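Every chain is named by a letter (A, B, C and D) in the order it is written, and numbering of its residues begins at 1.
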Amino acid sequence: MSEVAPRIVVWNENVHESRGDATVIGHYPDGMHAVIAAALHELLPGAEVGTATLQEPEHGLTAERLAQTDVLFWWGHAAHDEVADEVVERVVDAVHAGMGLVVLHSGHYSKPFKRLMGTTCSLKWRNDGQDRELVWAIAPDHPIAQGVPHPIVIDQQEMYGEFFDIPRADEEVFLSTFTGGEVFRSGVAYRRGLGRVFYFSPGDQEYPVYHHPDVQRVLANAAQWAAPVSERRELTADPHPRGWFTTDGAGTQGV
Amino acid sequence: MSEVAPRIVVWNENVHESRGDATVIGHYPDGMHAVIAAALHELLPGAEVGTATLQEPEHGLTAERLAQTDVLFWWGHAAHDEVADEVVERVVDAVHAGMGLVVLHSGHYSKPFKRLMGTTCSLKWRNDGQDRELVWAIAPDHPIAQGVPHPIVIDQQEMYGEFFDIPRADEEVFLSTFTGGEVFRSGVAYRRGLGRVFYFSPGDQEYPVYHHPDVQRVLANAAQWAAPVSERRELTADPHPRGWFTTDGAGTQGV
Amino acid sequence: MSEVAPRIVVWNENVHESRGDATVIGHYPDGMHAVIAAALHELLPGAEVGTATLQEPEHGLTAERLAQTDVLFWWGHAAHDEVADEVVERVVDAVHAGMGLVVLHSGHYSKPFKRLMGTTCSLKWRNDGQDRELVWAIAPDHPIAQGVPHPIVIDQQEMYGEFFDIPRADEEVFLSTFTGGEVFRSGVAYRRGLGRVFYFSPGDQEYPVYHHPDVQRVLANAAQWAAPVSERRELTADPHPRGWFTTDGAGTQGV
Amino acid sequence: MSEVAPRIVVWNENVHESRGDATVIGHYPDGMHAVIAAALHELLPGAEVGTATLQEPEHGLTAERLAQTDVLFWWGHAAHDEVADEVVERVVDAVHAGMGLVVLHSGHYSKPFKRLMGTTCSLKWRNDGQDRELVWAIAPDHPIAQGVPHPIVIDQQEMYGEFFDIPRADEEVFLSTFTGGEVFRSGVAYRRGLGRVFYFSPGDQEYPVYHHPDVQRVLANAAQWAAPVSERRELTADPHPRGWFTTDGAGTQGV
């Protein structure tokens, strides 16, 4: 519980890297998570930044670890189905209790994101190497949009286009356009339970997107935005006796 | 696909009634679903209205039947866990493809609703027989709020109170207050995939709420609102070739 | 009060046309309002469609006429300041009482729109003849997005880009992209009082945008969507005596 | 520009007090503004807190003063019409450029609030001395709801009830109920231009509401929330040349 120095875990399925995809390894020799974690470490002095991957026991996301995590980043693409349902429920429960979650790129189809959105999270796509992505802020005072140009220019990116089947965002921060003319809601923020969820679409594995300083700044901003503001706690269905709040104010309480 | 005469199925877990709860049977001798279905039949001439219960094979919600259902009503309370996950996924998929869903009262904790909301759906409650519920419309031009007084007065109801852990509603239609002073977002509307979801909280089994003409009017309005406006179809992640939409407009398409 | 056959008035400042702009007159020899009105007349059988212009007494918008208008379209650009404040207040009051308003293109800077939005309504723009506009629906089941391709392709249009200083929309229907890479929230819907407001940005006077059949379809859809659903009435600050709603339901009332 | 120590001006029409209303003077011998300002001063160490009233030249809100104000509080009731339009436009412009505005109680009908909302801001009311107001947070992680009980109990208050004709809030923070059974959206947050607006309804002049510690805490939270996060600047309609953002990133800029 700290906006000043959140405890962050960057989770990566680490499949393209560990299974020998030369392009991805070229961009991320130690895995995408290593580059993201290093950027967060640099941009958020004082933050504790660790990593976790699919290949670790319990995917590196034990109950103990999640209990010590303020903000979890999630990158997955090729192995969504390999993520154990038990871990997914654990992540979802942690978000409901207050943990922040930042979902990246093809993580739109990850189990935790779909569980938290309640929609199909489907979209349109194209990856022919010819699309430049421009990321436009439409919420100029939003903390996640601070310190970056308008637009952010990403020279090469996979196209993600509408219709993107997500719930109406609580806050719509970024819209992206692509060389081919498509549009995409690329930065959307939600509350789920006591936790905050931010989805940010730039980050295809075939391009060095997470080396881009503006993208790194957005991720650091998102970590600070998503960090919990109160103690983590479970939301339950509680009976309230009549007049519980009126006894000298003694019965009043937090939400 | 018809706003004029939707095909409706009223699903009820039918547990209080079938397991011998005298109070509930007193209000609903043939089950709550029978009273709701009769009201919809009367208020929506031309609509096809059927029922289904937990006790039927596949809970009465086979793939064939859901494919022929425009709007599904859902009442559950004591047996959420007895609903088969396979049927839940089927219902969720149908909503994503366009089916309307109207969730009632303690259905806030049903599996389909929690899956579609992505939150805990927890709330506060009290049932001591002393609460009158007043249902206030705060969206006066909303189709679900037409034809009912402001407020709707329900002489006896269980108290449901905030904090209600739901996503921000796409449309907030009703707020309720209770004799004890509590407040509740009692009528909230969402889009999920191509389907519409409406949650309406009045309807505890211990009071004859579904005999109330204003409540019946709200349910009929909700059925019309939730009915799909286009053919049901699956939302998928489709590749879009460059320039797909520019060939004489031939490539353009529905969302 | 009729969704079936709304009474529509298309208001146009009619300045480019009446002051001799050859390009605009080329597209719209009888004024832009004539083309829009003809399209609405054709697409909405039964609707009464009239026009009004800045040059008429009271700009053609007398109290009597507004009282008989279900939906007002508004196109203005060069002469926002010439619109009398008294007429503006009359239009705003009519919207508050239930009249629909559809604001087009450079009408983003019109007095009625700014009054109803409460923001500056500023935006970025470019008009060098080289932008194609693509209009993407992101609310696929919205009535205003029915019957048009995805995207709508407008071969030439002025670029309108973000940041567009509008309030968060109640419903975000369309997003546009331009050849230059910009993005714009081009179709946004609001409730203001008992009235509905839709802003649709395509329609620069230098291009024949209102001859485009898909644009015409959007305008017809918008007219139906914006038509009032109840009798027009003034919203006032009313005192409510204690228990006003409990006397045999006699005190309950519409919102 | 400071969340740490905002420069605050508490504006009060000061009419009940200055024109001899004994009840109000009893609660607020030096004016309501004095009590509010003292509370903010105490709860926000480092903040500069001043006051201004209707009776001062330019109502105490010169251009120079507004330029040095991060957050303006506004209480008005009996003399909305006496506020000069020129000052109203100045306040609205300052909000658009980034100044925060916190509107209190009967300020719902003030000129600046109505200008910024674009609706009638009408509501229902009753003041017979018999209503207790309960203020419930429905956004538990919202910064304005921190540090107060759930609900806040205000022993006596005027009833403000729905339908409250405001635009859909960007963030709905508080809902209030009253002894008479009514409900009201009592804490609603908006962005307008680059500025933030918060409306908080408790505070009728006949009761000592602004002496209530929980109410004071909400006001202090609101001041921090509404304080600008960037330099104040005017939003204008700017032309953007083709490719303005692509020249080595040199053309990119803040929103």
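As a convention for this text, contacts are C-beta pairs under 8 Å (C-beta built on N, C-alpha and C of every residue); 3 or more make two chains touch, one makes a residue touch a chain.
Bear in mind that the values here come from a model prediction, so they are computed numbers and not experimental data.
Note on A-B: its contact pairs, compared by residue number with those of B-C, A-D or C-D, agree for more than half at C-D. Distance from subunit A peaks, on a Cα-centroid basis, for C.
Centre-to-centre spacing of subunit A and subunit D amounts to 33 Å, using the average Cα coordinate of each chain.
Annotation: 37 Å between the Cα-based centres of subunit B and subunit D. Among the residues of subunit B, those touching two or more other chains are numbered 134, 137, 140, 150-151, 161-163, 168, 181-182, 191, 245, 255. Here subunit A touches subunit B in the complex through residues 96, 109, 115-120, 122-126, 128, 130, 159, 161-163, 165, 167-168, 170, 180-182, 190-193, 235-243, 245, 255, going by the rule given at the top. Within the complex formed with subunit B, the residues of subunit C that make contact are 134, 137, 139-141, 143, 145-146, 149-153, 191, 194, 196, 228-230, 245-246, 249, 252-255. Taken in their complex, subunit D has these residues touching subunit B: 132, 134, 136-138, 140, 150-151, 161-164, 168, 172, 175-177, 179, 181-183, 185.
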